[in-house]
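A, B, C and D label the chains in the order they appear, each numbered from 1.
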Amino acid sequence: MARSMASAARAKQSDQRELNGRKGEKRLEGYDRAELHDLVHQMILGRRFEEKAAEAYALGKIGGFCHLYIGQEAVTVGSFAALRPDDYVITAYREHVQALVKGITPRAVMAELYGKADGCSGGKSGSMHLYSAEHDFLGGWGIVGGQIPMATGVGFAIRYRDEDRVCLCFMGEAAVNQGAFHESLNMAALWKLPVIFIVENNRFGMGTAWERASSLYDIAQKAHAYDMPSAVADGMDVFDMRDRVKEAVDRARAGEGPTLIEARCYRFMGHSMSDPVHGVYRTKEEVEEHKVKDPIRAFIDRLKDADMLTDDELKAIDERVRAEVDDAAEFAESSPEPPPEALYEHVYSEINSHGRLFADRLDRLPEGASPPASMTAGGDDDGGEGS
Amino acid sequence: MATITYREALNQALAEEMERDPDVFLMGEEVALYNGAYKVSKGLFDRFGERRVVDTPITELGFTGLGVGAAMVGLRPVIEFMTFNFSMLALDQVFNSAAKLHYMTAGQFHCPIVFRGPTGAALQLSAQHSQAMESTYAHYPGLKVCTPATPADAKGLLKASIRDDDPVVFMEGELLYNVKGEVPEDDDFVIPLGLAEVKRAGDDVSIITHGKMVHVALQAAAALEKDDVSAEVLDLRSIRPLDVDAILATVKKTNRAVYLEEGWPFVGIGAQVIDTIQQEAFDHLDAPLARVTQADVPMPYAKNLEKLAKPSAERVVAACKRVLL
Amino acid sequence: MATITYREALNQALAEEMERDPDVFLMGEEVALYNGAYKVSKGLFDRFGERRVVDTPITELGFTGLGVGAAMVGLRPVIEFMTFNFSMLALDQVFNSAAKLHYMTAGQFHCPIVFRGPTGAALQLSAQHSQAMESTYAHYPGLKVCTPATPADAKGLLKASIRDDDPVVFMEGELLYNVKGEVPEDDDFVIPLGLAEVKRAGDDVSIITHGKMVHVALQAAAALEKDDVSAEVLDLRSIRPLDVDAILATVKKTNRAVYLEEGWPFVGIGAQVIDTIQQEAFDHLDAPLARVTQADVPMPYAKNLEKLAKPSAERVVAACKRVLL
Amino acid sequence: MARSMASAARAKQSDQRELNGRKGEKRLEGYDRAELHDLVHQMILGRRFEEKAAEAYALGKIGGFCHLYIGQEAVTVGSFAALRPDDYVITAYREHVQALVKGITPRAVMAELYGKADGCSGGKSGSMHLYSAEHDFLGGWGIVGGQIPMATGVGFAIRYRDEDRVCLCFMGEAAVNQGAFHESLNMAALWKLPVIFIVENNRFGMGTAWERASSLYDIAQKAHAYDMPSAVADGMDVFDMRDRVKEAVDRARAGEGPTLIEARCYRFMGHSMSDPVHGVYRTKEEVEEHKVKDPIRAFIDRLKDADMLTDDELKAIDERVRAEVDDAAEFAESSPEPPPEALYEHVYSEINSHGRLFADRLDRLPEGASPPASMTAGGDDDGGEGS
């Protein structure tokens, strides 16, 4: 335990050292009022949407695991401000806000959380697995680190097609220790793929503080092992995130390859709905200390100070958000359950005309429903003799 | 006898075996400070300290291989997978190192290690978090595979597994942790691997199963009783070694059987058991052997679809009636 | 028709499909500059360049996931595992990403990817390098599994697999690469997945098998002929989809069957096929269905032990005679 | 290709830069004549043993894969000179010489290559999988990178038992890209485990030059990602290897944790017996250039220059080695095949008294042989009805 304390102290120092230099920069330059308000809207939408989701979870309307992003909104809102709409995003399971900011409607996201047919994954996948082909939002993955090799593949495809798109790959800091991280960053750097790896260092992987899981505190430094550029960004600051990501995106579009960005942030809520906010692995005081630096409040204050946002404007945005979120919840509530046929749909996209793809009895299909062709090919399935 | 939960039974087994043998240690994600993602290791960190209850980084391949190396030089690691879904990252170390080490070294080294954690689906955890991996593991010689369904079995079999000199894949269930049952309080209450147990006696049809599904089988048997069908429920308890004697005995008694399992059908455990039965009790069969499994699809999230996908007592009842036709 | 090797047939299939579809690329260890560890990709690097024939670092998990990501956004990767033994490191990406991607995204994305390479034992490569993994893969819904035994099947099925919009696990054999056979020269010679083929017709007993073991089955059938036993050899060719029609047809013809496979017995492919037969052709069976497999042990190195461990024509003959008793 | 050439040039430069500084040191100090002759013996034994193995392979007496170490002998001989006999060694498949230098007899190693009962793995495993519990030689593993997590576990066990032993873990440079490397080095550094990771950078992983597989040439630098000490050693020089490893071993014994050592060397032969020495991925000239620096010749010359070895002494050593190697081959030749019962032996060490561990018919056992208890428990096995 003595060791953990020491490294926590080291960690803090390093946090400060890395980030101080940039506070004086004039970050608001080049944004117009509408753009800034758009960012405010994204931040507040993210927050309120999740507050609503938490309520719905408590009421049993949402099941399974549900991981809230509250406190980390600036990482996404800032990063995405550096993207074009046709850029790809792939991420882990704490991704409601990323899905929303990439453009999936609150309705489609909420319906997915409710497990309904109108969800952005057809109700088949829930909170951890949001997707939208239309928005180049590639999900939404639950195996820690699993999305990192896939992101590398997306980067490979971009280069293969000689496009100037990029792929943003988000991960929690705990994913950095996975072998998948190491293998992927090496290939991305070796082949100069247009992938930006953004590590959201919210200090904990479930109940494990980063310094108890990694022998090196500075994640950005891990990029040296791959001869890859890296940066530390203030994940509580929209502008810092946007600037660091923009530099990386520019490099990637110019064919100069990937970047590793460590976004220092903090998770305000428990790991998932069943994990208390504080107690075992962090104190109430620690959480409160970070909540004072709430990224939404900080962002709003900054805009107000710069006369880019009035109270009335803020109120209007907030009201709009509340309406959107209520609408999303109502929509999700009234959206139908996926039909029983959906059970066997999309397991395969090509239903081969020969042989059986499914080894079960298929008696789960409702009467009258038409099964995928492969189910009936190759003998009947009532357990009697074959055709 | 005390009535305790499955979780507490596992906890007792761990504590007793760690007390008994200083070479036993527990390692995995969140097992120490957090007392386990599902609280199976509650109190062990406080009791045994960070030397013997070790939180790992999220590196399944790495800490699995670490366990195998430690076992090779004589420790007796208990490696917790937060769930077996994540063990997919570690299969190389299980199949290529743990399972083969004793054989490849011609017996010079042993690999006394337990890999444990919940397998199969809980509630609405979706495709990546709802996989039953018994079949994946049981295929590989060199491994033993154990699937307790009750608190007593959990305790007795975990103790046996920790004392075993070979790698044991010990599969629990998230939905089993709160199940209560009577458990002997004896420190040396050990249930040997390879002994199936008749969890309910019956005459008309055998429901053979393992793990969490034992409870579904018992529900089905209760339902069948109302229709005057007497079903026997045989719980394999371990899949390797497989208690073929017990399987043949129940089949010869009822002449009809259904294999029930949580996992997917294609090369599921049921396929192997049915093959064994038809090879060794062919003339005792009055009807085809039936199977009840998960739908042959990745597990969906939506409540209605998940329910439809999982095996259920109703499906078991229907299968029993089919083989009784 | 030209007579070419299995290796050349695969090479032609790759070249033709790469020519036909610019989204197809080949990636793996030593596939480019070295022309493939087993020379399957000979000449492709020279012909298609480093953009489409890509040597990777030794990072199976990484480049498998890379392939899945590329497939998700529309490319059609062919990922070579130098041998399937090494794919154990990559199973997470195959099971948790590739197999589930189409389902989890409710059909918004496809995963048109082929994982290919040799499976099973060659000669004296010892335990870690001699594993047949058909059963491990076939268990997981979302995957298709293909096991060609002849040059023509290798070519026709690889072309079908590359054109398939789903992940296909395409299993070759080191000992098959030099096998010669006639192959149609047509650029659009494609064999659909899910069609088994009777490789030798017979009346008394069915030997059902797949992959490399087809040749062992044919040897056994030839030997049985001398004893006036007429054996039919059914080659499944693909395991998912499974040609149940063809399986039932041969069993109904001969009423006796042996499943032969290279892999281990416990939850092997044979267990699944036998389960299917007993469920759907119970009344057509005159004897228990038998199986011939690898010995249920890690593959030993010593020549004599390896020979003993592998399935052989003699063992198949003996099994056929047993079911004919 | 242009890129590969450029990085090869970079590689060379860096080779030189790193290693030049140490040439002047007085490496022979502290060794007595007998010790040095012992090292000469080890070097020559390794070489001649493998030459004999290559002959036997050509004659079909050895099967499967066989990877020769010729050219890399100094890495092992130097490293092991820094060890105590009770230290552990674990390695990959190119390990004949490591097995010999750790103390397994040439007879037992050669018999293993021949697949005979007297082999150090009972004939069950062959060239890639040599083991000796007696010598704490933990093998001999065939999955690239697979031994690295295991080594970490050995280090864990040493620390668990509060011993002052160390574990040497060898790997080829290509294994560095595997996720297992990353995961293991992090844990070893985090917990300060007494493991020395020695990367034998022989420039190629099969036909792939290191610079075509890694975005960073300097392997030692990868240690920075784990806050771990590292060193580059001249793998062609026994003394340099010994010194670098000794520093690491001292740190490990003192509880200061692991070290990563990059040993720069060169593979004189093909990857395995089926791979030509040159042609596809390297030129004849390149191989010849390195052969000039043969580590055995260099070592002998050095000792002679320092008057620590005479021609007669060398001749005596060489004759002794030839006799040992001939004896090993004869022994292997006449050693019996493993008995058929060995097939089912050692799959399990505990044969449970209930149930069946084996799912096959067990009809491979010779008549009269007694199967493990588990085979017969639980029903007979002749395919008829059960007991």
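One rule holds in what follows: contacts are C-beta pairs under 8 Å (C-beta built on N, C-alpha and C of every residue); 3 or more make two chains touch, one makes a residue touch a chain.
Computed from a predicted structure; not experimentally measured.
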Could you pull out the chain whose C-alpha mean position is farthest off from that of chain D?
A
Set C-D beside B-D; more C-beta pairs touch across B-D
Distance from chain D to chain A - Cα centre to Cα centre, in angstrom:
44
Report the inter-centroid distance (CA atoms only) between chain B and chain C in whole Å.
30
Using the average of all C-alpha atoms in each chain as its centre, how far is it in Å between chain B and chain D?
38
Tell me, which residues of chain D touch at least two other chains?
121, 123-125, 129, 141-143, 146, 177-180, 183, 186, 190, 213-214, 342, 347, 358-359, 383
Could you pull out the residues of chain B that touch at least 2 other chains?
56-57, 59, 61-62, 85, 88-89, 92, 96, 103-104, 126-128, 141-142, 240, 264, 266, 272, 279-280, 282, 288, 290, 296-298, 300
Touching chain A in the complex: which residues of chain B?
29-30, 33-35, 37, 50, 55-59, 61-62, 85-86, 88-89, 123-129, 264-266, 288, 290, 293-298, 300-305, 308-309, 315, 318, 322
Which part of chain D faces chain A closely enough to touch in the complex?
177-183, 186, 189-190, 213-216, 221-222, 224-228
Would you mind writing out the residues of chain C in touch with chain B in their complex?
61, 85, 88-89, 91-92, 95-96, 99-100, 103-104, 126-128, 131, 135-136, 138-142, 240, 263-264, 266-272, 274-275, 278-280, 282, 287-291, 296-298, 300
Could you list, by residue number, the parts of chain A that touch chain C in their complex?
88, 90, 121-125, 129, 131-133, 138-143, 146, 148-158, 160, 179-180, 183-184, 186-187, 190, 342, 345-350, 352-359, 374, 377-379, 383-387
Once bound in the complex, which stretches of chain A touch chain B?
1, 63-65, 115-116, 121, 123-126, 128-129, 141-146, 174-175, 177-179, 205-208, 212-214, 280-281, 337-338, 340, 342-344, 347, 358-360, 363-364, 383
